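Below, subunit A partners subunit B and then partners subunit C, in two separate complexes.
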Partner chain A sequence: MIVLAVALDLLREARSRRWVLALLAAATLLVVALALGLRFEVVDGALAATRLFGGDLGTDVRAVDVALRPLFAATAYVVFYGGLAFGVVATADFAPTLLSPGRIEALLALPVRRWQLLAGTFVGVELLVLGGAAYGGAAVTAVLWLKTGVVNPGPVAAAAVACVAFAPVYAAMLATAVLARSAALSAGAGLALLLGGIVAGARGVLVELFEPGAGRAAFLAVTAVLPRLSALGNLAPAVAEGRPLAAGHAAALAAGTLAFAVALLALGVDRLERKDF
Partner chain B sequence: MLAIDARGLAKTYPGGLGRAPHEALRGVDLAVEAGTAFGLIGPNGAGKTTFVKSILGVVRPSGGTARLLGGDPADPRVRARVGYLPERLQFPPALSAHDVLRSVARLKGLGRAGPEIPRRLEEVGLAGAAGRRVGAYSKGMRQRLGLACALLGAPDLLVLDEPTDGLDPLARVEVRGLLAREVARGATVFLNSHLLAETERVCTRVGILVDGRVVREGRLGELREGTSRWRVRFEPGAPEAALGAAGFLPGDAPGRFAFEGEPGALNAALDRARAAGALVVELSRDAKDLEQVLADAVEASA
Partner chain C sequence: MRGLRTPLVVAALFLGLGVLLAWLAEGGPRAPRAPEPEFPRRLREPELARLSERRTLAVPGAAEAGGEAPAAVDPFLAALTRDPAEPLLVLEANALRHSRIGELFVECLARGRGERNPIDEVRREAGIDPLKDVDRVAFSHRGVVVSGFFQRARLERVEAEARVARRGADGRVYAPRAPEEGGIALGTWRRDLVVVGETGFVEETLDRLAHPDPEVRPVLPEHLTYGEAYGVVPGSALQGLFRGDQAELGRRLAAVASRIEIHADAMRDVAVVARVTGEDADGLDDLGKAFGAALAVGRLQAAARGDGTLAELLEHARVARGGPGFSLELALPVEVVERWFEGCGEAAVLPGADAPAPPP
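Showing the complex of A and B:
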């Protein structure tokens, strides 16, 4: 209950922040621009032509749901990585602000446990990112549905997957903020883990770039522990394109990612429990 | 019953990167009776704020124990009965005073707190600004809001760190009245302030913290009167030479004298003065103000 109260407080604070509102407004403007600029000519369920701001994109005449799959897949990628970027930028200073002198003392003197503060902040930020990504995904889906009559679950699925992928990213940001109360360091840690996670997701391909030896071993060792964020990011486009998904593989990816997030959160809680304010 | 019971409370901040460890509290023993107003005073860096934070669990003590309202401060049920106003309080700037109080009410387990929120805002003089963003508040308004947060839920113990900081003189009078009402209700008020006049007006007991130790503690009257200096006023025309011989020191106005000594010596000196023809018209103990008490305590502990 307390965790939820802290999370809802964070969402109220986010709702009142100009920075967060500006990011959502920017996303809305992009969708509106897309809605105004993109035209499809659908004849009897087939896509006859596609125009972006009046320019013909040179598409073949195909069934519209098949023809638009690459577009939905690309949209899913945009929602996934856009959601993660939105998360890092919009939420970097939540934890440092929460831990700021004069505020944290008042919170710790309330009947709230330290872990509840951290868990509440984490849940609040996850809900914010889920909301932001879902808003973008749903808006694009709605625009494409209105233009073509086709509904594709890819962009919305991408929002849910982005929320899972953001869990370790924000856990790293939170743990960093507990260690050193700085929004810049917190965002830096999140971006570093995001990049590491993108590399780790493609480690099977990238490892070929390393000569056998210590370098390759080090690369494999480092990327072995990182969450496979780019592999996770490929799930939603697969849904968008109607490709079959190995449920076990997807579940393992999500579970590993969430386990990594829980481990980082535990580290943050441990540091917070020992910290004086 | 004790509202605050600290025994041997110690806090050493670890050093690092060439800094030596800092002993902020060196075994503080302090007991505050429930239903009283207690003031903790001391010079800057004496450890007052560290003491307050230690008893609330905001700072982890290095040694000793602290109990609040008979329970462990780490227990949320105990902290639910405590209202705390920290020094340099910060609020989320985008929220309104009403939002802040609703958030505190939820975290205190008071639900929506219903009519209490407008009542508290009225009490601290913020009813007219309840809907404004806290970021646009002046320092004094933020302080008032912090006080309203501390008062929410009618806590049994109020721990206030510099509560009148940033307030204008009229607001200070209002806060004093508010704290007096809280004590009359049965709450304990623990005041940590460097404004000695405030402490003197609000508190009945005072502790003096110097260099991490409580060097004096007791009823305000006892601390102020813990002196053997007396003020005596004689009728005009009293023989000054005879008074000087009896041990009276000339004061700051004609007819006014001071005497240093225990009551027995004072009576003997008065007998000699009267025998010389002097008439006593006023006699009082030369009570020190709190500033002097603090200065003496700091000097004695040096």
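Showing the complex of A and C:
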């Protein structure tokens, strides 16, 4: 309950921040531009023409849900990676602000445990990223639904997947902020883990670039302890394109990613518990 | 000694769990993206080479004329009808034999239990191996033209039962002895072509080979001979294929489409392109949209009633616009074709024969 209270407090603070509001406004503008500029000619469920700001995007006539699959898949990718980037940029200074002199002492004076403070911040940020990604995904889905009559779950699934993928990223940012109270360092750690997670998700392909030997072994060892973020990011476009999805594979990917997040969060808690304020 | 710190233990445990789960997920099944079928839209390199190799019939006087007319033409194409109103469909039989669908078909025939293999029948009766000796087959309303290697063809029985006449330098006509009773005539040109149809059709075909005229525009010019099956039909010839709810679409097709070129690739996926052209550009545009809509509705209806095969067939269907007219494109991925042939021939039983005993 206390964790949730801290999370809600963080969301209230996010609402008052211009930077977060500016990012949401930018996403809204993109969706509005898409809604105004994109024109579909749909005849009995077939997409007869697509125009973006008057320019013809294609002349093929085919079933609208099939024709729009690449668009939904691309939207799912944008929502996933955009959601992660939005999360890193929008939330980089939450933890450093929380730990700033004066404020942390005031918070610790309350009947709140240190781990609860960190966990509440983590949950609040996760909710913020989920909300942001879901807003973008749902808005694009709604625009395409109104224009074509087709509802595709891909962009919304991408928002949920982005929220899972952001968990270890923000846990790393939080742990870094506990170590060194710097928004830039925190964002840097998040971006580094994000890039590492993208590489780790494709390690099965990338490992072929290494000759057998020490380099290959080092690559496999380093990427083994990173969450497979790009592999996770491929799930939502698969949903959007109607490709078969192995539930066990998806569940293992998501659970593994969350386990990495808990491990990093626990490291942050350990550092915070041992810190003198 | 200080005790273990709980958060560090939790971190280590969850890191191990994360590594384990990520490793398990890596070993999981992948959902590979099926490649989009490749549609036959123009002559490709192997077809250009094939086309050049097939020009074996010298055109008398072409070299002296010095014009743009070729010195030699493909005898098979030269033999085909010149009537644009007549539907014409050519199968590249030898290529189809070596395509995936051809392999499946031959395997299916060979597996048929209790039935005589029709390919063996032809080998035995005619001395021709349909799987090796037949190169191309052209179907039209009036008859069939077959190209290939017919040196071993057994024509003795036909000669004994027919009235044989020479036609041109290299042609022979095997006509029924009593022409007033009708019947099918057979024509041969060298040992390369066989023509089957009514006597008039066979004679006209052999005459075109005896006096090839490259100046006359063929119904099926060389540049349209791509794919494993190709042909030309007027829209009215396909009107009968549209029935029930789609009858109106057939009527509009007959009214607007003066010419439909058909090309099919079948080496792996089966991909069909039907290029529809006509004089009325606006009418063709509307017809293209109507076809697109019909395909979309058909796919939804097929999915709704659980007809997965038809839904899969229409999955890759589209109407491609650009240039005069439009192209209707349909594709069947090879996986779907293979599923169709699964178990083929195994349950084949001659009518009246006992059903095969169930396996122990």
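Going forward, the second predicted complex is superposed on the first by the 276 of 277 C-alpha atoms of A that agree within 3 Å, B and C clash if a C-alpha of one lies under 4 Å from a C-alpha of the other, contacts with A are read in each partner's own complex, and residues count from 1 in each chain.
Note that in this section a residue touches a chain if its C-beta (ideal position, glycine included) is under 8 Å from a C-beta of that chain, and two chains touch if they have at least 3 such contacts.
In this text the structure is predicted, and so the values were computed from the model without any measurement.
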Check your understanding: So if we stack both complexes on subunit A, do subunit B and subunit C clash, or do they fit?
Key -> fit
Exercise for review: Could you look at A:S16 and tell me whether it touches subunit B, subunit C, both or neither (first, second, both, neither)?
Suggested key: first
Practice item. Could you tell me if A:T97 is touching subunit B, subunit C, both of them or neither one (first, second, both, neither)? Key: first
Point to revise | Partner chain(s) touched by A:L108 [first = subunit B, second = subunit C, both, neither] | key: first
Study note, to complete from the structure: Counting residues of subunit A touched by each of subunit B and subunit C, the higher count belongs to C
Check your understanding: In the combined three-chain arrangement, what's the angle at subunit A toward subunit B and subunit C (CA centres, steps of 10°)?
Key -> 180
Check your understanding: Which holds for A:F166: it touches subunit B only (first), subunit C only (second), both, or neither?
Key -> neither
Review point. Should A:I2 be classified as contacting the first partner (subunit B), the second (subunit C), both, or neither?
Key: first
Exercise for review: In the overlaid three-chain picture, find the nearest pair of C-alpha atoms across subunit B and subunit C and give that distance in Å.
Suggested key: 15
Exercise for review: Please write out, lowest number first, the residues of subunit A touched by both subunit B and subunit C across the two complexes.
Suggested key: none
**Study point:** subunit A to subunit B touching residues, read off their complex
**Key:** 2, 5-6, 9, 12-13, 16-18, 97, 100-113, 274, 276-277
**Study point:** Residue numbers on subunit B that touch subunit A, as the complex places them
**Key:** 13, 53, 56-60, 76-77, 79-80, 82, 84-92, 94-95, 99, 103-104, 106-109, 133, 146, 149, 159
Check your understanding: subunit A touches which residues of subunit C in the complex?
Key -> 5, 7-8, 10-15, 17-26, 28-29, 31, 33, 288-297, 299-300, 314-322, 326
**Study point:** subunit A to subunit C touching residues, read off their complex
**Key:** 43-48, 59-64, 66-67, 115, 200, 203-204, 224-225, 227-228, 231, 238, 241, 243-246, 248-249, 252-253, 255-257, 259-260, 262-264, 266-267, 269-270, 273
